[in-house]
Amino acid sequence: MNMKAYLKGALAVLACTAGIAAHAQKNYPRQEPMTPGMSEYWTPQPAVVAPGDSRTNGAPSDAVVLFDGSDLSAWTSAGGGPAEWPVHDGVFTVDKSKGDILTKRSFENFQLHLEWCVPEGISGESQSRGNSGVFLQDKYEIQILDGYRNETYVNGQVGSVYKQTPPLVNAMRRPGEWNVFDIIYSAPVFKEDGSYRIPPHVTVILNGVVLQNNTTILGTTEYVGFPRVVKHGAGPLRLQSHGDPSEPISFRNIWIREL
Amino acid sequence: MNMKAYLKGALAVLACTAGIAAHAQKNYPRQEPMTPGMSEYWTPQPAVVAPGDSRTNGAPSDAVVLFDGSDLSAWTSAGGGPAEWPVHDGVFTVDKSKGDILTKRSFENFQLHLEWCVPEGISGESQSRGNSGVFLQDKYEIQILDGYRNETYVNGQVGSVYKQTPPLVNAMRRPGEWNVFDIIYSAPVFKEDGSYRIPPHVTVILNGVVLQNNTTILGTTEYVGFPRVVKHGAGPLRLQSHGDPSEPISFRNIWIREL
Amino acid sequence: MNMKAYLKGALAVLACTAGIAAHAQKNYPRQEPMTPGMSEYWTPQPAVVAPGDSRTNGAPSDAVVLFDGSDLSAWTSAGGGPAEWPVHDGVFTVDKSKGDILTKRSFENFQLHLEWCVPEGISGESQSRGNSGVFLQDKYEIQILDGYRNETYVNGQVGSVYKQTPPLVNAMRRPGEWNVFDIIYSAPVFKEDGSYRIPPHVTVILNGVVLQNNTTILGTTEYVGFPRVVKHGAGPLRLQSHGDPSEPISFRNIWIREL
Amino acid sequence: MNMKAYLKGALAVLACTAGIAAHAQKNYPRQEPMTPGMSEYWTPQPAVVAPGDSRTNGAPSDAVVLFDGSDLSAWTSAGGGPAEWPVHDGVFTVDKSKGDILTKRSFENFQLHLEWCVPEGISGESQSRGNSGVFLQDKYEIQILDGYRNETYVNGQVGSVYKQTPPLVNAMRRPGEWNVFDIIYSAPVFKEDGSYRIPPHVTVILNGVVLQNNTTILGTTEYVGFPRVVKHGAGPLRLQSHGDPSEPISFRNIWIREL
């Protein structure tokens, strides 16, 4: 700032106002015309990806398949050792005595596809009915729960960013039917001090219906208290073995694509 | 700004530096502990939406169905009068002599589902093969084209924000197979002067593969020259009848949900 | 999704991979060259604004002056009736018996300039020392406090989005010196259901030092509990008459520009 | 997606609708009350920064001073060797025969303060009058030009992101007076393929008036053609020695703070 400039500036106000009136009469140069080829570029050509088909359980050709119906070799137990949830009939089912499972690989920005099913005739209510969850980068939980005629706190409903942002709608299928999550996740970018320069974002589609549209994730999804901001790098997916007393849910067809 | 403050401030530098060292020894109050119920809220409960099923051609229960296989009554001709593209076998096919068609209803923020098919044995190359497009709010074109073994400029490929942002990958199915677009669109917010306060954004998923992830749309998708920023409100969808000489493409199963 | 497409898709994978190898040998068209005048446009010319000078207490020519040293005619008492904080020596000072004051005019997106001074020899500590605040749109408080050698919870420090986001640094001047806030505020955009489509954002500069850089505001700045999302339109500025027992602070040179 | 689920889903629609009516009569649990101390945290305390004063030419205590009136030792010539623009009277002046100059240090995210002055009695018009510019990370030019009663293309005006985004207003002081730029810059984040994951953003304040408010930078600021996206890391500031025939401009008081 400059005191001399301050003093002179006052006159500028009047002068400039006069200038505005003069504009109206001007003939300005026109933006020069272009040809179509000026706004066309040919390289790099995008990579070709074959969309999913029945032979791949719907996984696109560039996906990392995390479960194709055969085994849990892409997963490990959160407590150490191999993942021990039972695999049967092309699906696997939570074993609440075995704890959470995590992918062996870590991921940053990705598209995730994951199907899950609440058992028919499930009992319990609110958070005690079909409770699980998928943790993105082992930090941010997208809630999995039986939401079919089962009310609970809205920021804990299926497809919520757990205890942060409720889903736009409840698009849950009934117990015994398979639910499909398609999740697009953008990892956070951190400052050196561990705070977010760019927080994580997530889009969640359940059964073809948008539940979260590039929602900002505020921090870790805590059961108690405020979200926390914790510096991290690439991280695995975690599937939750929740202690709720109801019958356990099952998963199938899990794949992920780095973006 | 304040000159007297300037003069005094110099001493503050030294004083404050001394203050920093003192911090290290302090015992700060702890954030008070919370209970789980403090971060749970129960209203408003999200609306229940039944996901699509075979009886609805996949349309969720709250969708506006724009084409269910029977007729084009939800559409009008860009040139005025009823939409006259031929409906047959539960699909409709572009009639290049009839011009573009638009939805009768206008939309703002939405999720759009739309399926389209390039005829088997299609001829032509680059932009002259299966060229069409869906214009969001009648302003912003997401490119539809035969991209199967058909190279073109990358910002004009299928799933591009036309002449702006190329798709992340090419996830096109071969001619004769149906391609599925799932599009999440966030309308712009304008200033009074007609410029964007918030530009439009779009997520595009083709055949289950992410092509655009909340991409910023820079303005109208012009064939010649730069994108233009033009103030507008709610707008219809437009399907393009492009003059390319190849055999025309077909559409089916079109629905939209306001977000 | 389409089962027939699924079955056919498998072959596409191999076919497309072969296609990639073929790319390497291609000569793609080049983007056509442009001239400089194609990326130059002349209208509309931006409005001319004379920057502040000493005759305007620093207010630019298009600013709404909210306090120029003479009176509180641009303000009203939160409890009704005229604003009654005492004006003296070209500044005004909080009168804690009179409650908060608000601008008579309401604002949406704006740039705000506001100067404030903690009295020399102020007593008290933490939030009980020079506590006030400026509420943007009467909803979102940017904290005003004596932060000079006065520690408090970090999300309640001077320049915090109160109880949300701490300032990047503590750039406070000592009591008796004037502090300058320059605040750039972007109002939220709401959905019909009252939730944010776009949350508010704020940039805060204190004494020429950036404290908040386009920080997302999460909701109202509550003393107790989580931020709340409450639908609102244009709103006034509110200056807080806080009940802390310390000597009251003073304000001067307040102006605002709609953006 | 799942065909069996599709078939069953139809019944769900009716069932769920019945469910909605039932909601209205429910008494939901209330969010548990909190105490003020639950939303207060005390560490880490923000670093103390002494704002600028007259002894520091306005530079805050944590700033990197790039020019304090004495010499160009923080700068280098773009063509190699020491920066050779003449320093006199506490300022330095462009020498058009010597080419651009760059800071020796590189920066990422920052707050930049820079003052510049167009000589009184300057001749020329449009881009040929007082043309220079400051390139952020040596890639993105914020235009410097005599904009006082000097019209030019609006996306080339003073404070424009050159050939991209015009300034909100023209807040230029007249020749012979000092202009002050305060610039807040957020560096881009790149994907591995060299495209932006997060594009750069910039806020520009000229003489205390906001010209750019967290504007998205689309790519390099090209004289001819479209912005280009080029992967880069930290980069220096560049001051432009433009070949325009008018009398050269001067600079003073340049400092920067990493954010």
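By letter and in written order, the chains are A, B, C and D; residue numbering begins at 1 in each of them.
Note that in this section a residue touches a chain if its C-beta (ideal position, glycine included) is under 8 Å from a C-beta of that chain, and two chains touch if they have at least 3 such contacts.
Here the structure is a predicted model, which is why all the values come from computation and not from measurement.
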Taking shared numbers over all numbers used, above half giving same and below half different, the subunit B and subunit C interface sides are same
Whole-Å distance, C-alpha centre of subunit B to that of subunit C, is 30
When centres are defined as mean Cα positions, the distance from subunit A to subunit B in whole Å is 17
Residues of subunit A that touch at least two other chains are 1, 3, 5, 8-9, 12, 16, 19, 23, 28-29, 31, 33-35, 38-45, 47-52, 58, 151, 153, 173, 186, 207-208, 225-226
Among line, ring, star, complete and other, the chain touch graph is complete
Within their complex, subunit A touches subunit B through residues 1, 3, 31, 33-36, 38-52, 58, 60, 62, 111, 113, 151-157, 163, 166-171, 173, 182, 184, 186, 201, 203, 205-210, 213-214, 222-226, 257, 259
The subunit D residues in contact with subunit A across the complex are 1-2, 4-5, 8-9, 12, 15-16, 19, 23, 26, 28-29, 38-39, 44, 58, 109, 115, 148-149, 151, 153, 173-174, 176-178, 180, 186, 189, 193, 197-198, 207-208, 225-226
Within the complex, subunit C is touched by subunit A residues 1, 3, 5-10, 12-13, 16-17, 19-20, 23, 28-35, 37-43, 45, 47-56, 58, 61, 216, 218, 226
